[in-house]
Amino acid sequence: MSAPRSQRLFDALFTTEKMRNVFSDRARLQGMLDFEAALARAEARAGMISSAAAKAIAAQCRADLFDVSALASATALAGNPAIPLVRELTARVTSSDTEDALAGRTWLQQGPPVTLGLKAATWLSALERHRERVIRTRRSVATLQFGGAVGTLAALGDQGANVAEALALELDLALPDLPWHAQRDRVCEVATTLGLLTGTLGTIARDVSLLMQTEIAEALEPGAPGRGGSSTMPHKRNPVGSAVILAAAVRVPPLVATMLAAMVQEHERGLGGWHAEWETLPEICMLTAGALARAIEIVEGLQVDPQKMAADLEITHGLVMAEAVSMALAKYLGRQSAHELVEKACALAAREKRHLREVLAADARVTKHLSKAELDRVLDPAGYTGQAAAFVSRVLASRGREKAMKRT
Amino acid sequence: MSAPRSQRLFDALFTTEKMRNVFSDRARLQGMLDFEAALARAEARAGMISSAAAKAIAAQCRADLFDVSALASATALAGNPAIPLVRELTARVTSSDTEDALAGRTWLQQGPPVTLGLKAATWLSALERHRERVIRTRRSVATLQFGGAVGTLAALGDQGANVAEALALELDLALPDLPWHAQRDRVCEVATTLGLLTGTLGTIARDVSLLMQTEIAEALEPGAPGRGGSSTMPHKRNPVGSAVILAAAVRVPPLVATMLAAMVQEHERGLGGWHAEWETLPEICMLTAGALARAIEIVEGLQVDPQKMAADLEITHGLVMAEAVSMALAKYLGRQSAHELVEKACALAAREKRHLREVLAADARVTKHLSKAELDRVLDPAGYTGQAAAFVSRVLASRGREKAMKRT
Amino acid sequence: MSAPRSQRLFDALFTTEKMRNVFSDRARLQGMLDFEAALARAEARAGMISSAAAKAIAAQCRADLFDVSALASATALAGNPAIPLVRELTARVTSSDTEDALAGRTWLQQGPPVTLGLKAATWLSALERHRERVIRTRRSVATLQFGGAVGTLAALGDQGANVAEALALELDLALPDLPWHAQRDRVCEVATTLGLLTGTLGTIARDVSLLMQTEIAEALEPGAPGRGGSSTMPHKRNPVGSAVILAAAVRVPPLVATMLAAMVQEHERGLGGWHAEWETLPEICMLTAGALARAIEIVEGLQVDPQKMAADLEITHGLVMAEAVSMALAKYLGRQSAHELVEKACALAAREKRHLREVLAADARVTKHLSKAELDRVLDPAGYTGQAAAFVSRVLASRGREKAMKRT
Amino acid sequence: MSAPRSQRLFDALFTTEKMRNVFSDRARLQGMLDFEAALARAEARAGMISSAAAKAIAAQCRADLFDVSALASATALAGNPAIPLVRELTARVTSSDTEDALAGRTWLQQGPPVTLGLKAATWLSALERHRERVIRTRRSVATLQFGGAVGTLAALGDQGANVAEALALELDLALPDLPWHAQRDRVCEVATTLGLLTGTLGTIARDVSLLMQTEIAEALEPGAPGRGGSSTMPHKRNPVGSAVILAAAVRVPPLVATMLAAMVQEHERGLGGWHAEWETLPEICMLTAGALARAIEIVEGLQVDPQKMAADLEITHGLVMAEAVSMALAKYLGRQSAHELVEKACALAAREKRHLREVLAADARVTKHLSKAELDRVLDPAGYTGQAAAFVSRVLASRGREKAMKRT
């Protein structure tokens, strides 16, 4: 990937729309023209051609002289490489409705409760790591590749080093230690970094689409005219954003494998492997950008139903709270005895389809230590979320620290 | 991946033998036992169990009590995370035979000459980048994952944070902002980092195996008893090390895709995706370690044939040097005229199967400016390697700077 | 893959246990020894060595002479290549509980009802296709590969064709038109065929694990001691079989990609690509066999809860039946008017959280044509399963036809 | 994939140009319109709407009414599903220059000789198998998928079966036993079949590009104006066709993995997996079609240099013929003695850089049995191609038999 493209690419990681522009035929043409103009100026700096000649060349290096369809203004591409999804998620994690407890779920089975804030904080924490990976990769890939036919710059005589340096300056790229046409690790790291990011977006989309199931409906993607459902099925809210993200999460990993497999390139310029990159990397970028755009919409407009969350926590008639009861009784009965008591109570409740509260309230060994009110408190999911709040605070604090550091 | 394993894993990136130990049934068992012992000690620190109880538990946490086959001493696993391949390559790049020019090759066709040193320096430069990626990834993955059933540590009551902190200390792992069971980016980054590294090893192996072809034979993998060839085919030197590396370069990219696809995990603990990692990540590690071991052997013992390199540069009867001639004549005739003259001379040489030198020596426009000796010099591949030496120095210098920085 | 192995492989597609045997070190050794013995006998037939020599050679070709750990009797490997899963599914599809209607689900949202029998019939129909693919692939891959160093059999002089023919006879393999060492399509087709099969198994496991969710619980994997759940979470029934299948469905596709990528092999015997197959194909076979074994258990012991299915069909308060009402009214009001009437009724029911039945029963345009009993019938999911029963019969009939054909 | 598309797709497997048309926006639109028109006619046949209504609907189902850019006439898409590459390869295999012997190569090292005809015959034989796979897959995928919202056709009342049957007739598709929206094996088999084909094309391209290397140059892709090379490098003949094919062989396998992974679809209509197919299958088809088109050009215009082949067979100074000598002497000295004699002669030849002929001619044990002329004959590669000619005849004969069968 030519370096100026790489920079624009990361700037454009906001929207698929912009990404399409970066990889449009016209933008690709302009990218090549930009390179030619910069090369001319670099040769002028090195005294190889006159300054006037460089200017004349540069004047011709405009894609619009080549009659391609109009391109959105390049200024639209300028921007902040920060991923807005982090901002949206931070906003959500700090909102009040994220204190609601909902069922934790492992293997798609309910377990002890978590909070929606904790769920979102695990996403936020991962996205912070991805943001750092994206920034680092951007820096790594924004490196000049300029080596002539076989990487020696021999055709430039003794001006090779000078022209390369001037060209890197012109294009605002890092000057590498040597040309790297057949060493694709920098370019390929763009693919792996975006692959990791798409995986996290996929896990967000999977969770949201599972929470949106008709039978669960604890959280919904934002509604929009013409989105999901149909006139005769107004109950339906299709997870259309999640579908786009999940499709990306299916498609990107094999495309990353293509990029890695294509690294095995022959000698100074490879055959086939190099060509395999041309459409694959843009596809990875566009799929990731599309998934990001949808994830932002979902996080921003997620509709949460705390009542349904609470109701679903009652489906097991208190069994998901067995661990909490066991913990509470351990203080009085010792771990082992408490565990055995609760184990039997759970079995009895399951067998007779009674609520665990009822079974426990009928057991003298329990009532001896826990009053009815205390038992209610122990069985309240909201009171058994462990370090959830502390973990959320820690994630937000590290965000805050970082922001503060940036302001300084 | 449990964190202590991750550390050992990177320490063991030297040899497949050690890697096998890290992923052996017994080592996996011991890894789990180590965790249990550390957890007991952490709970003791937090005052949740007595110190004596922690010791008693730890005393039982030895895999050898579980009767599995003997494990190579753990001390063998200690070591330096530096990749010895970098050291071997540095040694080669600084050796004298790397100044030999051999044909640059693009699309498997000969172009202007490069030096073997430049070729090796492009590998070295990429491996330096991989070394940094491996170090960074090692740091990132060596992070405690400890969250109880659903990531809240609720079962530990108000001691959750304390136990987690003590456990991280015990295991010498970083304490993360929050548990991350369903957020696999750290673990998956091990896969992508090793995927990138294997790609570079693959490109080295491809080059070596191409250079080893019977018809080219410019460089050979080190010979070893029983390696390649057969008694009746003593000419044969099978690229057995390259075969292992190339097989890894075919197998690892799809395995990385598996890891990325498996990131889409459900809620607090996923179904299927998580299970897909168990054998895949060890496989990636072992394939990479095996490829690394072979690459070290190849680089260390590579046999170079400068005579064959020189002979192959004569196959085109001087045509690969056309660019050099064009450059030399441009000073006298101007770029355009020089180019046209050389273009015609090349066509004539190709048509009449004569050497380019001969055609040029018969052209008065050439001999007017270049004596026979000058023409010989222009057509000498060793004189047309551009910035090759400078690039090599730059790569070595950055190695040197780094070493110096480490000494300080 | 050597041909006798391929046959055993498909015979062993029943259980992972047998598959492990096929790919054990010992079985691989015996496979090579079998080949040597057969080759000796073939050379004897062609008069190249004496019959006594062939016998002496064969006598030595026993893996047990080579002191490897005991192998399950080869007779256990004999068997029927039919996939027992087809039999189990047929049994289920013909069982009475498959007439229960449950919600059809698209995009994880409820739609009109289907029957469990229809769901299982779509699986059965796909598995029948896979069975044919497996049989065809088995036939295709059971083809002799025997060509000497470069595929000419030159070392056998004028006996090459004879020995090849006799060897194919000995090994009970098809004789190909020519040796095919570098043409891997037959071997690779094993991978693609099993890849397709694993995809279908994955979709079965996904459906089952979604139906098993605590909140849905319409169908459960068979319970087994020590499976899923824990003593304090007796409500939990972890989809452990589905987890194994889903992990296989994540892992197999990239391994198929490895096999396809490895097809690009050089000249008469490739480098790297060929080596990449060695562990990859066994892995695909074992993962598929493991997934098959789990799928059989799941289908055989699936526990269905018709009450929960019926209850879940009421979650939308009749909205999933809107299409049925629209159809029923169309006879009296015309399509367009009926559609508009139902659309408004649905919107009203959703807005006021009332049951669609109640809204419709209050509309004179409806009651004019449909009595209360008729409206109840129209809104009964069991009455709106369209061609479900006919489709199931058709799938079973084609199974029956086939069986009858085989008896003849 | 809608079924009429599938048919056109396979008809269009000739050229990328046509393939692009099949997957153009307009063609996709027309495909949908075709389906709507056929459905209207089917409903008319079943008496559900009037014939006039069906006609009126069909009249509107024209993509050109929707103002999209012109589409190449559909008649251009009609054609013969046979793969022209088979025809071209057959022509080559029967041409005289394929009797030339060239070095067999294993692990990129020279071994005993093969003939170019044998090499091409192994390709032809594989392509014949692919042709059968393509025909079979075409038949399998050309199956109606029509099931309404959830696969029951409930909205068509008791006319569901009739409409489906009529629709299959209208669209000239097979009527399946039941709708199969979430069972993707038929569609996915298109991907695996083309994946296998691309692998074979890749191995052809790899061989050709290796034979084209400047140092080997035994065969060349057809030259074309503007192809490969440059004015100052007239020796260069870039393997541009092979590059396209090899890039496809790198890109297609992971795309096949995408299709297989996407098979795991939820319930009656999946989320994400289904969407992942939309661009992936067209991409596989276009890459395969492009690779096929290039392969046809390469096979049709392949330029062979028998002199260079012969010269390269002399590079090892006779060592590649050691096996032949050993075979010839075995008749007189016995296998073991002959082998030992030749082994020593080879070692001596290699050590002293002499030709094997010379070493053997100086050995009385050899000259006792073989005259100089006989030794020359034994060392002649053309005389040691084993069953090459017979294998080629067998491949051609099976082609012939098939043709004859078709004429009948």
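A, B, C and D are the chain letters, set down in written order, and residue numbers restart from 1 in every chain.
Simple rule for what comes next: contacts are C-beta pairs under 8 Å (C-beta built on N, C-alpha and C of every residue); 3 or more make two chains touch, one makes a residue touch a chain.
Note that this is a predicted model, so its numbers are computed, not measured.
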| What's the chain with its C-alpha centre farthest out from subunit B? | C
| task | Looking only at C-beta pairs in contact, point me to the busier pair out of C-D and B-D. | result | C-D
| Centroid spacing, where centroids are CA-atom means, of subunit C and subunit D in whole angstrom | 27
| field | Whole-Å separation of chain centres (CA-atom averages), subunit B against subunit D | value | 33
| query | For subunit A, what residues touch not just one other chain but two or more? | reply | 105, 107-108, 111, 205, 209-210, 239, 243, 246, 249-250, 253-254, 257-258, 261, 271, 323
| Contact footprint of subunit D on subunit A as seen in their complex | 205, 209, 239, 242-247, 249-251, 254-255, 257-258, 261-262, 271-273, 275-276, 278-280
| message | Looking at the complex, which residues from subunit B come into contact with subunit A? | response | 104-108, 111-114, 118-119, 121-123, 125-126, 129-130, 133, 140, 148-157, 160-161, 164, 176-180, 182-186, 188-189, 192-193, 195-196, 198-200, 202-203, 205-207, 210, 246, 249-250, 252-254, 256-261, 263-271, 323-324, 327, 384-388, 390-392, 394-395, 398
| Residues on subunit A engaged by subunit C in the complex (per definition of touch) | 103, 105, 107-111, 209-210, 212-216, 228, 231-240, 243, 253-254, 257, 261, 312, 315-316, 319-320, 322-323, 326, 339, 342-343, 346-347, 350
